[in-house]
Structures are given as structure tokens and as C-alpha cells.
């Protein structure tokens, strides 16, 4: 019997804490409501992808700080509601539900990966809250509903740019492809191959790996070596690219490597040193860009965090900037913010001049970089 | 290409083998699957790296200190998270969940303290490689295999010939009886954890050197594979861990090279399951006669 | 005299328990109408899913004593079966859920077969390996599962034209599924079959000597457990409307196992509490941001150290005694 | 009429001969004992009868059928039930449940009946409970029905194990050292109880060290030493057998 009483006691305590928890959450925001506008940032702060979430966290905080220092939005300060989704689809939907339930949240910057974005999308769409992902490139993402926006070129746009870079600049006729087995890697690879074949190149190998699980690329590289390709094209993130480049060097293979904008990260240079020398890649954001928008962002970020921002930070910074832009015009109204965000044209961001097409996908121009003398350098 | 793949596989297998030895030893003594082992392996690699980069120690010194620190971590895990459970005679699964808790804790703590990004592990021993025709074997690969074999031999000697080894075997056979015979069982267990954890650190550092990178999640898959290797060879049997590690490593690489890279882990686990169905106690495991 | 008093006591305990249960049921039926935030409802629904998952694993691990580290595999099989059937063939939820559960049960049967010979760590790694294989197949078999692209747009369940894709609809659906699971598992455990499971856990050799076909019963336990995990997976797929292999990793298996252990192996109320705590804990800890998972690990260790047998411990299975039997005892006592 | 007939039964473990060509006969409604020094192979002999070990050579005929190498779970089906030297109860099950598990092969409630709680289910459960209580009352355990088996006193556990074996209505019941660890009072009660079993129509084969018990209740006795049978006969014959005295006290005694 005692057992059952303790059971009931636990249940009741839980029920109380639980409802209490969410209520107090709302209370604190209610008291602060008049002076503040809340924008949520949802990204992985723990788990495999925490490093990208960290970039989101820093860059969005910087943008908000800048806006608040200049008087906020109509005198109201912006507050960030930071949510960890572990890059786990289940947690992402929980986060989404939590955010849509919180009436003070007017817009969401996030999530990081397409998996999380897609899982959370129905919740946002149903509630009518903007989900503005800085990085989701899954073709289906913005098809989930009218409240989904993205701030990264889809692979339909990036693929042909990279194919042109590989075939015409790097003179790749026989190309080997290594791609990460996730939605991004597969769409990237498919779009690249389509564009490259149109340009007359031949794909001699198509190998995949599983992200954050595969560390040993020697069998894949040994296999590709049999085909003697002109160029190896990687649809991968920087950490795996570093490993692939190093293992290639250890095996004594010397093929030029081409990558995607995902490789633009100073960590890649630290990680793999001279093994990544000569890699070619496109990018939206480049710190060496003399554009004052970029140089201002650079110095502000370095002052705040003592480190150079990567492209994830840059795109998160722009995403927050555009969100604030929309709120400025619409006021703290979720539906109006969606309307205004969709109307944004030629936003002058650190990742380029940004406009949405009718599918709420962005179209941005890209620059080509090469790693030379241990540094990313602009070519042409 | 086949021989190159074989070499690749043997190297990978050696790293699994080193890690598997820790699982097997703890299991042999306590019949406990220590899920924190993967995290300890990662911790070892990180500590050595941090000693080298933050304190600017030279590699050998950092290596020795790091391995000892990791060994002490092994003892601490046992003392804080497992010993109280043994004292209470709690079910084995409770200990298992406790080690899972430890694993989550260490992994995320490392991430908090040192960041979650993949870090470069400096190539301290740049020794080049030997070429035999188109076959290329780096000295690092040879060293990794050698160390696996040497450590394995040293362990066997410790367990067969020394006093502490005798005590370990006695404890593994029957903890209560060993206690009655005057064996300091607590010391034996601590020693086992120390040994297991420091071996994991050695493996972590070697793997870090081999791939020239470490990251906080590196222990997860490596831990699972090493566990699989230990079981495949026959858990609790030292040579079994080495054999299991090599088989898992080679089959994984060959699967990636000749079948499909996406299925490499599935094939490694598939082989494991197939072997266990045929030999339920692993390749070198002894069949236990039921006591009635 | 004494026995009569005992009987009386037993009766009053039983009655007050009944009253508590009735009140709890009445309250829980009101939940969707209490104007709670959608977030709270969502959490309750997730708890419901994990109650099903936890109870089904408890049957294998807690009652039949077979450690399984791969329960997420059945969850995945159920979810994928449901998702594929409903998106490609537009079957209704009730058919896809049944198919998902049955297919999962079939795989449970297949996985149960090797357990004939394996025990302890060996069984653990086989179940773990099976879970990894299922995930990797889901990741690579693009034609069937769309691999990492996942399956979006899984339709909401409906019955006789009534759309259940609302908060209230989902709430009552999971409520019924979870209740059905609880009742079924309770009845299995308190029967000849369940006693055979427990006997195997307690002493396999003695169980054999009692004529229990241990092999058959172990496979049966796996099959039943897989059935319910598959059911939970089907519901999950129709609820979240998007699934991909990342939802069914080894971590998921560990989460389910932790629920069972935390609540208490072989305890049905324990699993319910375990699900409640472990599903909601990350939400309570969310305000800790980066420190969240560190705390989660620490909480898990502390829980185990303070109550290794779980919060509820193993609950006593009760054999219902009829009046005849109890009157016999009191007669005997009087003799 | 012989219920159990064992011919030339042998078990080798590697080079060790644990049981060496033993012949044994148990007739209906007899109490037969096997005695012998520790390590004489008595329990191994039992384990072969109950299918836990497969005999190396020899035959076991039970109730007219050859059963050597039978699987352990079939043994109870054909009418043989046993207890264990080191009590093997289901510790975390109640006294009542332990006995009802003993009726496993005599009952048939499957999954469907259990889940649906059909009439058949209830009928069978009730029957089991009544029968279990009746059996437990014969060993004075009917007041502890809901006690966990692990919480019983040692002597009670021994009795419970015997009742669990009886629950399957066996033709032959094998008791492996039932008096081990009992005090004289308990042993005396056990002796009375085994006699009662015979009156109830059970046939009993037991291994026992307690000579007083064995000599008092046995109809016939077999003596094993180093795996081989060295004597057989009535208690009086065994008490006067030279080789038995030698085996127990050593040569020259």
C-alpha cells in the first residue's frame, strides 16, 4: 500500500512541478513583455553537432546585442530564447511545441540540420510561427508550409556552381565522389553529378560514409585509388574532410580535392594542416571580402569572442538580422512577420545580397576559394 | 588493392583490440559490461592532447602522465559509481546503467571543457612508410599493431606470472572464495580498472595519432565495436579480444572496400551475430558446464 | 479470528486502491479539456509512447530476465512499416499500426531465436548489433526508406472520417493504446505465461525442471515485446509525421532501458513513473543549456546509486484468490 | 512392477568417470535411497535421470519408455519431478506462485486466454490455487501463501521445494538431500512426511546423507562409491555390508 501512496505522491508532485514549470515560464515573460520582444534560437548545444549550435548561439547573440545597443525595435529590447535540440528530431519537435506554446516568441531562428527542421516544421506551420533555418538545405524543407524559410542556397543552386569549378577550373574529366549519407550529402551529390555530367565529365566512383560514425576512410580511398580520378569531390563537413585529406596523405595518394561551402571553416586548417592544401570550394561568406558589412561583422565578432567567425556564424548572423528586419516592419505579430519576411529583397548581409524566391528559398551569389599557404584565399 | 585493404583492416582491428582488452578484463572480474569504456578511451586521448598543447609537454611525458590520469579515472569511476552498487548487491543491470550514466557525463563534460569540435592531434611520430610495390604500409600502422601485440603479451605475463595476476584470476573465479583466502579483492578490482582504463587511453592516443584527430564523440562507435570484438573473441578471454578486434576490423574494411561503404558497420555486427549463433560463447570462450 | 481480520484489511486496501485508480482515470480523461498548453499535452503524449516502449521492454528484461539493448529496432520497424504503408498505399492508421506491430513481432521472433543459447553480455551485444543493423539498413535502403531523406508527410490518423490529428485526438489515441498495453502486459504477467517468464528469470534450470519450455517462452517474450514496441513506433510515425533513421539510434534503446531500470525491473507502475521522469527530465533540465546532458548523466548515476532496484522495486505479482480458496484457509486456521 | 529401470548407466567428463555402469530399479510405491560418500556420483546420476546431463552409455527406462538424453523440460511431462541439492526455488515469487509454476505442465492457459481472462482461464487458475493450498497445507505452509520464497526459513524452503515438485502429480519424485541443513526436529518431520507421500501413492527416490533418516524410511538402498554401485539391499543388509563400511570409514576400519 505504501508503495502505491508513494507512487501517487510522485505523480502529483510531477504534475505540479510540470504545470508549474511551464506556467512560471510564461509568468516571467509576461512581466517582461512590455519592454521586450522574444526571438527563439533553436540549435544543438549538446551532442554530436554542438559546435555548429555554438556558432548559432554566438552570432545571433552578437546581432541582438548590436540591435539592442542601437535602441532595439521601436525602443523595445530583443530577448533571445535559446533552446537546445541536440540535433535530434524528437527533441526538435518538443522544442518547437514549447516555442509555439510560448506566446511571447514571435519568430524562430533554427534549426540546424534538415532532420530537425523537417521534424519540427509541422508544429510551426500549424501554429503559424516562422521557422527560419540558417542551414537546412533539404529540398523538402520549405515545401512543408508557408512558415518555413531558409537562408542557405539549396544544392540546386550550389551544385552547378561547384560542377563548373571542378570541370572547368580544376580540369576534372574523371571525378570520384565521396558523400556523407544524410539528406544534405545526397542532394548535394545528386545535383553535383547532374551538373558535372552535363559539362561532359565522367563520374568514376561514388562512395558514401556515415557522419560522425565513420572515422576510417582508408578502404574508400584505396578503392577510389584504383580508378585514378582527376579530382575527388567531397560532399562532406569540414571535420570529415580533414580526416579524409590526412588519410589520403598517409596512404600516399595525391588527388586534387573539391568541396562545398560547408568546408569553409578555419578549423579545417587547424585540423589537417598541409594535407588540405589546394582544396577548392565555393562560399557565400568570406572574411577577406573588403565589403564593409563583412569587415564590421568580423571585427565585432572577434572583439566579442576572440575568434574568427565561420560561415555558420555568418549565416546565423544574417538570419537573425533578417528576422529583426521583418519584425521591425510587422511588429510582434507572428503572421505579419511571415508576410514581411517573405517580402525582404536585397538584404545586404555578410553572406551576400539576399532575396527569397517564391518558395522562400534564398538565392545568393558565391565566390570560389582555394586553400593556399595554409589559408583560404579568393581565386580570380 | 586487396593487400592494401588487409593492412588497413589490420590496423583498424588493432585499435579495436586494444580497446576490447579493457572490456574483457573488467568483464572477467566483475561480469559487468562497462559502457563507460568508450568515454574513457576518448578522455585518454583528450588528456594527452591537452597536456601537449596547453602545458606544452613533450609527447612521451604527456603520454605517460595522460595514461596514468586516465587509469586513475578508471579507479574513480569504480569507487564512486560501481563499488556502492556491489556493496548493496544491486542487480548487474543497475551497474550497467550507472556506467552508461558515466559515459554520458564524461562525454558531455569533455565537450563543455574542451569544446565539441574535432581537434587536430599532432603527428608526433612522423616516420614515413615502406613501399612494397604498390603496397604502402606506414610505420605508424606497424607501431599500432606492435603495441597491441606487446601490451597483450605483457598483460598475459602479468596475469599468468605475477602475484597480482594470481589474485585477479582468483577473484575472477570466485570473489567470495578469493576474499576468504586473503585476497584484497577491492585492490584487485581497482587495479583491474586502472589497467583497463590506461589501456583504453593508450588505444585512444594511438587512434588519435593514426587519424590525427580526436573528438568528444569518438568513443561511442569505437566503444561499441570494441565491445563487439571482445564478445566475438569470447568475453573474459584476453587473446579472444585481440582475435575479435582483428576480425571485426578486417571484415569492416573489406565490406567497405568490396561491398558497400554504407553497410560496413552492419556487416561487422552481422558477422558477430552469425558467430555467436554458431558459437554462443565466442570464438575462444570456454563452454561453461552448468552447476547443479 | 486473525485471518478474518487480515482478509478484511486486504479488502480495504484493495478498495482504496480501486478508488485511487478510478479517480486517476477520471482525472486523466479530463486532461485535454483543462486548457493546458499544447506543450504539456505533447509531453504527456510522448510519455504515453514511452510507457508502451518501457512496458514492452520490461516484459523481456524485467520479467523474463533477458537483457536487450536493441529495443529501438522494433520501434523503428513499426514506425517505418506504418510510414511506408500510409504514404505509398494510403492505408488507414489502424491497418498500418497493426501491420507495423506484426512485422515488428516477426522480427522479435527472429531475434528471439538466438537467445536460445545466448545469455548475459552475449545476448546484450546481439540485440545491440541487431538494432544497429536495422538502423543502417534504414539509412542505406533508399528505395524503401528514402534513407537519410526520411519520410515526411505521414498522414494523421482518422477513424470513420473523424480526424484524430488534433491534440484531443492524439491524446485519446495514445491513452487507449497505452491503457491497452498496460492491461495486456498486466494480465500476461499475472498468468501461467507470465509466471513462466518470471520463473525463467529467477532460475532457468529450475524452470526447465518444472517443464517450462524456456526457449519457447523466451522467444514469446521477445515477440510480444516487439509487437508493442512496433505499435508505439506506428503511433510515433503518425504523430510526428516525419521519421528518419536518426530517431532510432542506440541512444533510443538506452533511453528505453533506463526507463525500465529506473522505474524498477518487473514493476509495471515503476515503468510508468520511469517514463514520466526520463521523458520530462530533459525538459526540466533544458534551462541548463549546455550543462543539460552532463546533468542528465549525473542524475542517472545518482538514481542508480540511491535506488539500484529502481524507484518501485519489483512489484509482487498477485494471484487473485477466490472466496472458496480463502474460506478454506480460514477453515484450516480454525481446525 | 518396476517404474524406473536403469541399466549400465555411465557418465564420463573427459577422463573422469563420474558414474560407472550403474544398474538400479525402483518399483511402484517404494521408497528407494541412494547413499554414498561425497563425490560418489549421486547427483550426477540424478542429473542424467532428469535430462540435465546426457548419459555416455547405458539406458534409462521409465514407465516402460526409454528416456535417456531426454530434454529437461520433458522429464516432468512423463511423470518425474525433482528437488535440488542446493535449493532452487524462484526466490522472488511467492510461495503460492512457486507451487503453481510446478503445475505448469498440467495446465494449459495460453496467451489468449490470459489476456482475455476467459472463463477457462479463471476456472483453471482457481483450480490451481485450491490444489496448491491443499498441497501446502500438508507441509504447514498454507499460512505463508503470499510470502516471497526467499523470505522463508531454510526448512520451509526445503518443504516448499518438495511441494513444488509434487504439484505436477509425478509418478516418481526425486529428492536430492532433502534433509541437508535441517535440525533433528525438522528431519523427523520430514521423515514422517516422506512416509506420508508413500501412503499417498507416490514413489520416492532420494539421495541422502542422514543415515538415521535413510535407514528408517527406505524400502531398499543403493550405495555408490567413486561412481560405481558397491551394494544394494534392505536397510539391515546395508548396515551389515562390509564394503559399505569400508567405503564410509576407509579400509582397515
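List of remarks:
We just call them A, B, C and D in the order they show up, numbering each chain from 1.
Heads up, the rule we're going with is that contacts are C-beta pairs under 8 Å (C-beta built on N, C-alpha and C of every residue); 3 or more make two chains touch, one makes a residue touch a chain.
A quick note: this is a predicted structure, and the numbers were derived from the prediction, not measured.
Comparing each chain's Cα centroid with the centroid of every protein Cα atom identifies chain C as the most central.
Of the two chain pairs shown, A-B and B-C, the one joined by more C-beta contacts is B-C. Farthest from chain D in terms of Cα centroid separation is A.
Centre-to-centre separation of chain B and chain D, using mean CA positions: 47 Å. Note: centroid distance chain A to chain C, computed from Cα atoms, is 36 Å. Our note on geometry: chain B versus chain C, Cα centroid distance of 33 Å, whole angstroms. Shared interface positions of chain D, i.e. residues touching 2 or more other chains, are given as 52, 84. Among all residues of chain A, those that touch two or more other chains are 46, 50, 181, 210. Touching of two or more other chains is recorded for residues 136, 139-140, 205, 290, 293 of chain C. Only residues 1, 4-5, 8-9, 11-12, 108, 111, 115-120, 129, 131, 136, 138, 140, 207, 211-213, 215, 217-218, 221-222, 252-254, 256-257, 261-262, 264-265 of chain B touch chain A when the two sit together in their complex. Chain contact summary for the complex, chain C toward chain B: residues 61, 67, 114, 117-118, 120-122, 124-126, 128-130, 132-133, 136-137, 139-140, 205, 250, 254, 257-258, 261-262, 265, 290-291, 293-294, 296-301, 304-305, 308-309.
Residues 184, 187-188, 191-196, 198-199, 202-203, 205-214, 220, 224, 266, 314, 316-322, 324-325, 328-329, 332-333 of chain C are the ones that touch chain D when the two sit in their complex.
Taken together, the chain D residues at the contact with chain C in this complex read 50, 52, 71-77, 81-82, 84, 88-94, 96-97, 100-102, 104-105, 107-111, 113-115, 117, 121, 124-126, 129-130, 133-134, 137, 142-143, 145-146, 148, 164, 168. Residue ranges on chain A touching chain C, taken from their complex, read 1, 3-4, 7-8, 10-11, 14, 17-19, 21-22, 45-47, 50, 82-84, 86, 88-91, 93-94, 97-98, 100-101, 115, 118-119, 121-122, 127, 138, 140, 144, 181-183, 185-186, 210.
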